[in-house]
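Look at the two complexes coming up: subunit A is in both, with subunit B in one and subunit C in the other.
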Partner chain A sequence: MGSMNALKRHYCRLFDQAYSPDGKFLVVADGYGRLTTFDLDDCLSNSYTDTRPRLPAFHLTHKNHGTPRESKLYALASNDNHLICGDSHGDVFGYSWQDLSEQGTNSKPSFRYVATSCVESVPGPYEVNALAVSDDGERLISGGAGDNAVKVWSLENGRLIHSFTGHSDYIHDVALRSEHEMASASEDGTVRLWDTRVNGCAHTLKPADNQDCARNALGSWLGCVAVDGEWLVCGGGPALAIWHLSSMSMAQVLSTGADVEHHAVELCDNKILAGGSQPRLFQWTYRGESITDVGCSSNIIYDIAANTNGRNHITTCCGSSSKVDVFINLGYKSFSLETMP
Partner chain B sequence: MADEAISRKLTADGDGTGDDRRFQLAYKMLLRIMGSPEGRTPEQVNRLIKQIELAEFSMRKQTMIYAMNEQQIDSYAALCTEIEEDLKRAQESISEAKKELHQAKQVRKNRQEYDLMAKMIEEQPSRSETNEKLMQVKQDLKEQGDRQKQLEGKLLERRNNLHAFGIILSQFNETLKDDIKVDKEIIMAAEDTSSIDGDDMDEA
Partner chain C sequence: MPATTAAPVSKKRTSRTASGNDQQQNGANNGTKRPSTGDLKPMSLQEFYDLEDKEATARSQAEDEAQFTSECESLKKALTRFVDNPADDSAEELKNMMTLHMIKLRRLNRLTQFRNRKMRDRAAAERLRVEEQHLQLQNHRHEIEHLQKEVDRCLEFKSADQDIPLVPVDEFYTNAPADISKPDVTKSDNHQQRLARLGWELEERKGLSKQLQELQERKNLLASDIGAKEQRLESLKPLTQSIMEAARPMQEAMGIKLDGETQQREMAPLMPKELYVIGIQAQAYKDISRDEKFEVIFGGDVESAKKLSAALPTGKSASQTPEDADSGNEDEERREDGAEERAQRLSSRKRRATVSEAVERRRELALLAHPLHVVFIITCSDKTKVTLTFEYLSELRAVSVKCRLETDSAELSKLFATSGHVLYEETLLQQLFPGDTGLTCPNPVGQAKLEHLNIEYETYVNRIGFAFHWAQQLAGIKFADSTMTRMTREAFDRIQLCDLLQKIIRRVRRRLQTRLSLHAQITSLEGTKINLPKALIGHYPTKVLSRLTSWKALSSDDFKAHPATQSLQAVMTSDAFATGWFFSATMERGDAKMVTLVHVGDAFPDIAPLFILLLKTRATRTAADCSSLKTLEESVNCTFARSVPKAHMASLLCAQLQYLTSRLDILLEAESARQSTKDFAREHLFSRKARGPDRELPFAFQESSNSFSFS
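Presenting the complex of A and B:
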């Protein structure tokens, strides 16, 4: 039993994180289909030492009734009322935050959308890889495999508002630019900017065609994208770089020491945070200068999240281990949260 | 009843320095002195006066303590209000500083984006340079256009000339042919007459 646990912990992968709207809880989605919740007020208090680890508040195992086994949870997003998760079978579930705080482990999902459509030439299942919620909390953007479409859902009535097809391979990440524009990064090597006003793809960006950031040995796939107004940061096979959207040209390559394939990028507080195939969290200014990089517990970083709700302003990153690293000050790692104690 | 008496005594006792007992003693002494007008001795009177003086002294001391306490209360109240005002001012300056910080962050972000854009723009050639190039290229284009027109004109002229020359040649050719024909006719006519003559000559 102990060795089984040790094996499970060794192969644990944490794919995405989300914060509750009051900033008190951190929820982490992992490869065993579980949502692990941490009480941040408790974890940030001074009563913990190195010998006494910080434990999760509760685990919620997400059961997708259409499948015989548990599905992995690849994507999480949050709005004021719901925690929304996307799994490896193409379904998007929502748990109400109130339910989670009251019933904990026994919460049941409040809604379910089938987010990826079947494609005959590609065998299923078609996972949902990325979720994002609009600023007003009304719309959910999802991207995944299958028809490789970016879908916009209305969270009020669960209807599919738009479905943008165009990518020729599965989508790794989506990001919202404004209330009618969004960007998606895909395995096919392009970042596409979708606009609901023209109901289609407004622009396409292919970093692998730019000689400054192309790294042909690593491929042309794009693992992550983040947008802020005029600027877009994306990376993956090609090097992580800042692009200027109005002129569709590359502004600056964000270089690191070795060749890192980036899986996660986050723009917060005037800094660009990124992580990928190295156990380090890289930080740059908006000018493209490297600030520093901090060591992490996971060998590959899959997600970086910053808490802007409530009072606990921390940044966390998770990846190919069972630990979540918490950074109160981005200069050093404050502590780790263990999801499989 | 006894409780009331005790509580009254306790409240009247004040500091508990035994003033109440002193008053009782003085009262008893006074009664004794009043009661025996003959056995009045100066010591007894003195003792009574001493007790009364002590009581007066104690009273004065108590009033002074009371005044001091009042002053302390006033000064502490003033201190309290001062500290409250300082607190309020400090909070205001904190919120001002927070606003300034937010603005400064925005300014820094804008400055960084500006730097990035400036770098991108630097890589492109300047507008004056491009304008000059444009002027140059336009000039070249005009010159080439003129030259082309010129050459075309020449070509047309030469063609016309050639055409005219061709017509003249063909006319000349015609004329020559006509001449040759006429000559041939003359020769043939001459041959005919000479052959007739020749026949005549053969016969003769």
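Presenting the complex of A and C:
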């Protein structure tokens, strides 16, 4: 059924990306429950032309321990040993990088946590939407639906260390600020800053209450958050804006199109990269000056990731298409990787 | 000039004296006054002119020139003298003298003028004469050239005799009688030899043509003889028939059932083995399965099949003859061509004239089917029968299938013949196996032949039938390198040959059933009613507020040109969209309106109908720019069919539409809940308005709790 394949490619959504610790592999998670792996050394070699497409190294369909249900893969994170995935049924599971590079498509998960808790009033399934790994690579932060909690796990023994509840709707994104502090953006319209030292919520931001950010027609939900020192960037229904954490005040609105919803933001090299419901990748300085905006293959961008490991220093973004756009230089799209050839 | 120079000197002198007087006279004549001169008798003007003319002709140029110089000299002298000593002469005298001189000069001038004109006239006359002669010369030259050409043409003349291939000289002398060859004359004289050879040729040819005529007559005689005999045999046929008829009651009485089998036994050796294989399998199937609703018949024109097989040399298959005969002719022609260059040129011209006819004839031959065929009659329900006629295309070496639908219902029979309708006979067998359209010749050799003759199988499909791959499989034809797609090949690889016929019959029955169901569904949808089987109703919420408000057929071009389909272009290029039926459905709830473009393929319901959504609320959205619509479109197109129980797949179209109307409710209610507007009141249960990074809407219906959540 050739047309079915074409249809699946047409409706494909890529939700998250992760790089291997050596920077050699890019893994992309999609709505069909597949992990698509690209060998970057190969993809970046000069042997490719427009007519010779860059093919994935392998696909891995997550079987979820034998249960036949289909889940979507929403979140990815990576540390030195593991690739960690979160799916639409609340499972977090890890593949060892060694297995992935040696066994490819036959790799089996080496651990699995049930990362969301059941709540009486809301029927399941509860998904995991965001994963992050601490700088030392020993703790995993997850955010999702159900109890809408931000959870901190020890990757060493799989124990749940903290579970911060407070959001009234599911969590879209989490970001680490320091060893003790993390931020979470939620569908309920708030960004909460959590501190393990006080074991609870330190601050709450509500961009929809700020006149400059609010866009009532699009709702108050927050789709993405990123933190760097004193600065926090978040957006979603409300406009993307830079917030100053010490004063808890809005510093600068980052203007995109009037009705662009924001799904992805990334801070790297003192620059802000963001994308949303527009096929463009935006780039600003911390002062809010626009640097570039570059066209992309996806109409909606769900994730932007920069590879700082190894020698393949690239930025990639993915979203509502089967293609991953690769930027070697952020001025233009270098090429695209097709996850469903 | 010679005439003037020859004038005598004496005459010159006398004329000079006379000229002196004349000059005076002349000057007076030309002047305004007319002084009377007493000593000379007056002249008439005509006389004067004649004199003057005569004098002018008499004088020479040199004389005039000398006189002119002397006159000028004396004039100069007189003037010099006057200038040096103005007192010497009286002015009056000088004046007279001057006048005299001037008159003389003037006369000289006049004479010269006259002479000049004379000379010019003469020169003109001369030239005229020369030109006349020149023209004459030219004429002569042309005449010469013309004659030369005539001579050349005569020299180059070639008679028709040169084109006649003659018997070689040696042969001529040995064969021809002496009275024709006349060796004594012709050996030395080439011309005579040629004449003699031509004469011999004529004799020879006359003889041969006479022989030909004789033979032809004999042939005609024999043919009429054969015709008469055939007629007699023919007249015997009714007799034998009547004997058979008469014998039948006795045979029946004796319990011998021969009829069908004898017919079959008679046909079997004449039948192409491919059709025979199909027939044998079908009979075996009928015997084993005891399928009363399946019949197999051997049919066709036995006589022409007999003729065909008789015309064949044994051991050669039917497919080879026409082509071989053709190429044989060509070879002969070619051999003749070798004889002489001129002859070749002639014959090639002749051949070119018949080339287009030959191509046409070869096309016809290529598409020719064997006169015998096998017919399956598959009864599907009490009212409908599917008749499959298998024919063997000898030249393409492939089996073709013609399909006919028969029914007792008048309404249906009309639909069966309606082109473009879901019950149209032509489309009934399409994609019985994935990708099997029967529109190309499955045999690569046959396909190459068609390409060579510039024929597309597709355009003749109505005449010669579809060359489905399953028909080839059933006939046991295996192609080393088939034109089958990978998909089709995989489908056949999974089927054992012994199961194939059963599968085909089952699929044909199922196909007709689904088509009848599709027809019923479309008819109900045209009345904007979504008819669902009872078993499926439970899969949808009891309360659906969105309504189907219109359902109409679209043309394929309208469908493909619709703005909503633009983002799906990559999918639309697939072959599946070349055929099938296109519709546009509209669903409404309140102010919201969802326009849905629907494509139902030939392979319905194995390939689910495709829906393309366009939602008009405040703004117009398609799946390309709205994530929720994209999710809905994806689930109706890709995953929904899996949730329908196999027994009810025939109702897939209505099920999909019911799915869309019920989910449109959720989409509108969830969106208005997200935006906290009251456009669409929340009439359904759903606890979450969004999930995941893409804020997916809860489209999964939970029957147990009558609520919506996520899958």
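Here is the rule we go by: the second predicted complex is superposed on the first by the 337 of 341 C-alpha atoms of A that agree within 3 Å, B and C clash if a C-alpha of one lies under 4 Å from a C-alpha of the other, contacts with A are read in each partner's own complex, and residues count from 1 in each chain.
One rule holds in what follows: a contact is a pair of C-beta atoms (placed from the backbone, for glycine too) under 8 Å apart; a residue touches a chain by one contact, two chains touch by 3 or more.
Keep in mind the model is a prediction, meaning the values are calculated, not measured.
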Once the shared chain is lined up, is A:G288 touching subunit B (first), subunit C (second), both, or neither of them?
-> first
Could you tell me if A:S320 is touching subunit B, subunit C, both of them or neither one (first, second, both, neither)?
-> second
Check the residue A:H244 against both partner chains and state whether it touches subunit B (first), subunit C (second), both, or neither.
-> first
More subunit A residues touched by subunit B or by subunit C?
-> C
Using the superposition on chain A described above, determine whether A:Q252 touches subunit B (first), subunit C (second), both, or neither.
-> first
Is A:W231 touching the first partner subunit B, the second partner subunit C, both, or neither of them?
-> first
Touching A:Y302, do we find subunit B (first), subunit C (second), both, or neither?
-> second
In the superposed arrangement, which partner chain does A:N106 touch: subunit B (first), subunit C (second), both, or neither?
-> neither
Does the superposition put A:S178 against subunit B (first), subunit C (second), both, or neither?
-> neither
Can you list the residues on subunit A that touch subunit B in the complex?
-> 230-231, 242, 244, 247, 249, 251-252, 269-270, 285-288
Note: in the complex, subunit A contacts subunit C through residues 1-4, 6-11, 13, 15-16, 31, 70, 72, 74, 88, 121-125, 127, 129, 145, 169-170, 172, 187, 216-217, 219, 221, 223, 263, 277, 299-300, 302-303, 320
Counting only contacts in the complex, subunit C reaches subunit A at residues 434-435, 487, 567-568, 570-571, 574, 576-577, 607, 610, 624-625, 627, 630, 633-634, 637-638, 674-675, 687-688, 690-695, 702, 705, 707, 709-711
Residues of subunit B touching subunit A in their complex?
-> 105, 108-109, 112-113, 115-117, 119-120
